[in-house]
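Chains: A, B, C and D, in written order; residue numbering restarts at 1 for each.
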Amino acid sequence: MTLLLLCVAALLALGAAGAARARHPDGTAVVYGGSLALCIIAGLVGLLHLGAAPQTGVLPLGLPWIGARFRIDALAAFFLVVVGLGGGGASLYALGYGRHETVPERVLPFFPPFLAGLILVVIADDAFSFLFAWELMSLASWALVVAHHHDAENTRAGTIYLLLASLSGLALLLALGMLAGPAGNFAFAAIRAAPPSPLGGLVLMLALLGAGSKAGLVPLHAWLPLAHPAAPSHVSALMSGVMTKVAVYAFIRIVFDLLGPPAWWSGVVVLALGGVTAVLGMLYALMQHDLKRLLAYSTVENIGIIFIGLGLAMAFRANGFAAGAALALTAALFHVLNHALFKSLLFFGAGAVLSATGERDTEHLGGLIHRMPRTAFAVLTGCAAIAALPPLNGFVSEWLTFQAILLRPDLPQWGLKVMIPTDGALLALAAALAAACFVRAFGITFLGRPRTAAAALAGEVDRFSLAAMLGMGLLCLLAGLFPGVVIDTLAPLMQALLGARMPAQLGLPWLSIIPVEAARSSYNGWLIFVFIAAATTLTILAIHRFASRAVRRAPAWDCGFPDPRPVTQYTAESFAQPIRRVFGSVVFRAHEVVLMPPPGDTGPARIRRSLRDPIWDALYAPVGHWITRAADVMNVLQFLTIRRYLGFVFIALVALLLVLALWQ
Amino acid sequence: MNPLFGVLGAPLIGAAVLAAIPGYRMSARLNVAASLIAFLASLLLLRERPPSGDLLLVDDLNIVFIVLSTFIGFTTSVFSASYIGHELETGRLTPAYLRFYHAMFQVMMLGMNLALVSNNIGLMWVAVELATLSTVMMVGIYRTHEAIEAAWKYFILGSVGIALALFGTILVYLAAQPVVGAGLAGMAWTGLVAHAAQFDPALLNIAFVFLLLGYGTKVGLAPMHAWLPDAHAEGPTPISAVLSGLLLNVALYALLRFKMLMAACPGAIAPGPLMMGLGLLSLLFAALMLYRRRDIKRMFAYSSIEHMGIIVFAFGIAGPLGNFAGLLQMTMHSLTKSAIFFSVGHVAQVKGTQRIADMGGLTETHPLLGWGLVAGVAAIAGLPPFGVFMSEFLVVSSTFAREPVLALLLVLGLLIAFGALLLRLTSVAFGAPRGPRTGVHASYVPMFAHLALVLIAGIYLPAPLVAWFQHVAALLG
Amino acid sequence: MGGLSLDVANMLAGLLVLASFMMLYQVRLPALLNVLSLHAFILALAIAWQAHLQHAPELYITALIALGFKSVLIPAALRRIVVRLGIHRGIETVTGVGLTMLAGMALVALALEVMLPVTTRADPVTREYIALALSVVLLGLLSMVTRRNAVSQVAGFLSLENGIDLAAAGAQGMPLVVEISIAFSVLIAFLVIGVFLFRIRERFDTVDLQALDQFRGERA
Amino acid sequence: MIGDLLIQGAQMALVLLLAPLFTGVVRKMKARLQRRRGAPVLQPYRDLLRLLGKEVVLADNASWLFRTAPYLIFALTWVAAALVPTFATGLLFSWSGDLIAIIALLGAARFLLALAGMDVGTSFGGIGASREMMIASLAEPAMLMIVISLALLAGSTQLSTIAAFMLSSAVGLRVSLALALIAFIIVALAENARIPVDNPATHLELTMVHEAMVLEYSGRHLAMIELAAALKLLLTVSAIACIFFPFGLAAGPDGLVRYPIGLASYAAKLGVAAVLLGTFETSIAKMRVFRVPGFLGAALMLSLLATLLLYVSRGL
């Protein structure tokens, strides 16, 4: 615990050092090297505490009569590991990537405090410290989002981000305030000891609002696709991979730890939101051609998957089915870890592409697999993992979620009876769309022929970036091959939170995983991997040995009409067109118009497409409109005459006197 | 020697001397010196507290205000020294006006300090009036049409407010007179609070209505707020800082005293709901008004209204948490808002305008001012690691557990206000630089001193301070 | 205290209220200032009567201030201003005098309804004084709100302040009354000087948007 | 153990050997129905051998991904096929992946194929990949919903367990099973690029999906992809047979006698499937691409309905 707090202090100091030495050539190395080391320490501390008894500490800071309380229990430890992994990876990556930064003085001072905020949220053990860290995390990441402030889009993104972050902070504040009661028992220990709040449902909804808006749950996701691309790529990775997970942590902490057993309908709400988020997030992602924005929307999708798991856990818990809740929560947390890994990797890849070509727009890329083979390989791993392909890790967590969905068809409540299978369909749809989305993302960016000179002249990125990407890729593979390790590591956490755990996995033959019982379902990642590897190798060997191995290079065949210009390739837009026609016409009111030149005109035909963001139109635009209207109406009050202002005083006085006269 | 002589004498003598001295450098230094003496004297008050007399009183409640007031007076005088020189260079002010300005600065400090230490509600009223008159002068000092209009508006509304407050004061005396007896004792806080239980509650109720509206005008509560934005916007920036940082507090202090009186009288209406209502109204109103502001100082003036709303709301909610939060919020707001005005003042001087549209990219052209402003706005918006976060945390959480609906309104107001501040901050501090990029001879010390204090308070409140605040909070009921 | 003294006190306070109504009614500026002069004169009498009743010699000072300063000096100064600004012939466009008078009646009723029940512990003179003082205060505020002209607003404020003076004088044994009335006089002096110095006429009180644009930084 | 290993090996070899034959039979069937004589049923083997012997003509800008993809696609499909019981349940490694894993393995193969289609940067590759992923985005969820409804019935996602459950008398006739079967068939047609979703025999630009993706492939690479496609077809048919018509499936350790029965019934089922598929494909026209979503959407709805019915009542 002391070590961890020292880590946080060191990170804050590192931020100060970053401010002081930002322009110095070794400033980048010092800051990122330092944060790498500290993240490793934090991750290790988390790892050591995974199975250990909770450890607490108090500092005489924060709310004076409570102090800043900290506690590492299994839940906090797990998320510490996630933070350590994501933060460490981002720092390592930034050792190389950060050297291209044009405004280091706007990035270096805020990166370590951002990490400190992430760590503090996870270990905070009273409402004040928790929210303090929560807002610190928001503020530091906001500063990073607006680092490249000359671009008006970035500052707009920052504004929307901080506004929604503030909403989330206030919602959590309300939730925790309700839990703490009028006497202000803000320590989590006191909240746990207190009898369950009679307004538990309200607290839960507020927690959902607060944590959900930070995590990017539809319809509160609006900031995410704006802010994540705006930040420097290693920060995007951290925001997408880790910060949204910390929001998930907040939800779990409040709902599963501080609040008593939830009502079953709250499970329905969470399941519905999770399912909608998963599908809508992916559909949004499919409509993007900005690489980082696409990744950000894919984060929304994954948050949806995680919340499906959480909703299942709540539904099971509400029905007193602890073992099922353990399975669902394990699936959710496994996906938390997985997403942190592959989303970091993918954002690193996007950053590598950005620094190699200066482009984020996939329509201006292409053919990078030739110029950046290692990056391409790492990104391909990430794409396969996020598309839930076996034997990588994304598949395992989604598989576990499916197992949880299949677990109990006999829950008594009708809401759950309808919602759970629907979520199954939504999850399956989201997974299939994810595969399409990442085929598109990887294919357009890395495959084919370069669409611009920048893409044609790109070069491989530096060692640190590659190390970070390949490291994350390796972790994705390992987590996919040996999921039993992760599940067993999570077991003490489940035991502490739910009073039940999944069956022990590590003792099983062949290191398979069996979520419930052998006859029901089992999966063995490494064996499948070995099968695939062996089959591939054998085939190649056999064919090369017994058949032909001759290769001749020739121009592409292309059905006999090869066109050397890269414009004839499929673009991101055209790739998405079938899906846009199938889903987008309803969801996004997608509309296509082909403008044909008049006969005789040799100009090209043009296609114009339009999309509407349904959620923005239905939720954010009206709110903005309403506030603008109200502000306009109120603004009249700035330009009244003194007489009118006196009139207000007069009316107030007479009204109060009248009230008194009537009241007496 | 009685430290009160320092607190009151330094500005009094300072005013007299400054009125006589030409030459702005000298007088700016003297101004700083006088403010420093007052501040040091107020620190001495912490160590030894003079016995309360018929007219003057130092107790646990007002000492908070005195120290805060003299401290901000001191830092503002330091800021003013560098600010005012620039005004002279650009010709906005002449040496004669500067002489007047410095003298008035001390008169204003005298008025506020006197209002804070007076034991007599009549004397306090006179002192508040003195402070009002001197600030009216300062607001109109640039003699532009806008400044004169602002000063006039301030003057009229302030006068009406203060007249209502006087009527309320007379009614309080009237309620006290049968119990305490005629004479000075009937107007002394010490006597009033001690015997409040036997006062006629109905009379006190009416008195409180007048006092709330009267002093509420000076606090800047909606709908009596109209003078405040213009007065902040058109006067010299040090005065804006003092107005927001001090004068509003002085009026608030008066309100708090009367609230204690009400609380001590069992039959009287609870002042809480009234204060909560006015506080919420001010918060929501100011939050919406923030959006259409084009003048940066006027915008922060509205933010002061917003915060005064929160503070009055917190004191209205009362209870140990509410009062503690109110005190803390008030202290933090004073420090932060004056720091913001310190920054804004220099910014406006550099850019030659107060129009938000003509500023941009400050963090790039003037990093210290720009980041100072960012930190200030973050602090005022209640973001950690700054002190306002703690007070808003306490206000919102303690309200929600008791009055969920009110808390939701409070949160709504906070969010709306935050949105506006953030929008404007973004356009001022970030983006491509707009307007002149010339350097500035700024004194950063006051601004960063305030921000540092706010930062420290946000992370660590020293135990004695906490105990003291808690004690005061308990006094407030 | 005899019945006569009570009656006199009552009559004086009542006259003050009546004068306030006259101010509400008056639309021509010079006439308004005359009424103001009368208003202050009645106030001076009322305070003097209180000084006599309460045996409080310092109240005579207050009465003298009221007489000299408010009844003579200030109206005279205002008259000069009115002439200087060239608005002495103007008729103020106050809409609905009748309505204003009705509102004034309602306010007096409200003041009595509010004050009389709560001052049962005070002595009868004080009771009357306070209740009528509140009426005068409210009427003064009303006239400020209904008038557009700066001078007539100042006049309204003066009558409001007279009401407060009446209350202060009526509160038995209230200390610092003299000091407070001096402080108030200073305020009023500033007010008048302000009107004079800054040539504040009607220009800030127009509803013409063009003029607003000119004088308010916000709309630029 | 050894016996299981043998069975496992035999099955893997069997599907590999049978796959081209099944394709050949279907083609022959279709030819006959169209009153053509058609190629011999062994023609696919000859095609494969010929392709294997040829040199690979690689587009100039093909990457390493393009070259490795065929082998990986083949391997993934083969591993998936190895997990499906053909004539006997109780495969040695069947527990290493369940039905969901099989779908995901096929999904991985498709993922790679689509990428390979985009690698050279031709417009046809893009067309194919884009349409394939659109079709998959509907077919995969439908498939998973079918799995869910089966799993709810059988209490397991393990193919062997499901087959064993179907063999038992507990099943009876159920609405949801019928719905699932129809949906499964629709999805199977789409997954294997059969009429009416795609036409495996055409190279007409605007209609092809699967063929467009493999347009640039030649030689042994093409052979691998063709073989993988054939394997996938066989796998799907085997899965349908194993789930919905598990008669004769050899299960348990109780002796070698059952294996010949299993083999025979498997051969019979394949024969019936080839006839049905050929007949169906001959009697229906290919759809326009944008009619396909409706077709597959119907499958998705049917399967979702099947699942919902099961949640509502286990008896349906």
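Simple rule for what comes next: a contact is a pair of C-beta atoms (placed from the backbone, for glycine too) under 8 Å apart; a residue touches a chain by one contact, two chains touch by 3 or more.
Owing to the predicted nature of the structure, the values given are computational and were not obtained by experimental measurement.
The chain pair B-C and the chain pair A-B differ in C-beta contact count, and the higher one is A-B. In whole angstrom, the spacing between the mean C-alpha positions of subunit B and subunit C is 30. Between subunit C and subunit D, the centres computed from C-alpha atoms are 98 Å apart. In whole angstrom, the spacing between the mean C-alpha positions of subunit A and subunit B is 43.
Each chain gets a centre from the mean of its Cα atoms; for subunit A and subunit D, those two points are 35 Å apart.
Subunit B has residues 152-153, 156, 160, 164, 202, 205-206, 292 in contact with two or more other chains.
Counting partner chains per residue, subunit C has residues 114, 117-118, 141, 144, 153, 204, 216, 218 touching two or more of them. Multi-chain contact residues, meaning those touching two or more other chains, occur in subunit A at positions 638, 642, 646, 649, 653, 657, 660, 664.
Chains touching one another, given as pairs, are A-B, A-C, A-D, B-C.
Note for the complex: subunit D touches subunit A at residues 52-61, 63-65, 68, 71-72, 74-76, 78-79, 82, 93, 95-98, 100-101, 104-105, 107-108, 110-111, 114-115, 118-127, 129-131, 133-134, 136-141, 143-145, 148, 151-152, 155-158, 161, 203, 205, 215-216, 219-220, 224, 289-290, 293, 300, 304, 307-308, 310-312, 314. Put simply, subunit A touches subunit D in their complex at residues 366-367, 369-370, 373, 376, 380, 384, 387-390, 395, 399, 402-403, 405-406, 409-410, 417-418, 420-422, 424-425, 428-429, 431-433, 435-436, 438-440, 442-444, 447-449, 510, 512, 518-524, 527-528, 531-533, 535-536, 539-540, 543, 547-548, 550-559, 562-563, 566, 568-570, 574-579, 581-582. Contact residues on subunit A toward subunit B in their complex (touch as defined above): 60-65, 106, 127-128, 131-133, 135-136, 138-139, 146, 149-150, 152, 155-156, 158-159, 162-163, 166-167, 170, 173-174, 176-178, 180-182, 184, 186, 199, 202, 627-628, 630-632, 634-635, 637-638, 640, 642, 645-646, 648-649, 651-653, 656-657, 660, 663-664. Residues 120, 122-123, 125-126, 129-130, 133, 136, 140, 145-146, 148-149, 151-153, 155-156, 159-160, 162-164, 166-167, 170-171, 173-174, 177-178, 181-184, 186-187, 200, 202-203, 205-206, 230, 233-234, 292-295, 298, 354-355 of subunit B are the ones touching subunit C in the complex.
Subunit B contributes residues 152-153, 156-157, 160-161, 164, 202, 205-206, 209-210, 212-213, 217, 223-224, 226-227, 229, 269, 274, 285, 288-292, 319, 321, 361, 363-364, 378, 381, 383-385, 389-390, 393-394, 396-402, 404, 407-408, 411, 414-416, 418-420, 422-423, 426-427, 430-432, 459-461, 463, 466 to its touches with subunit A in the complex.
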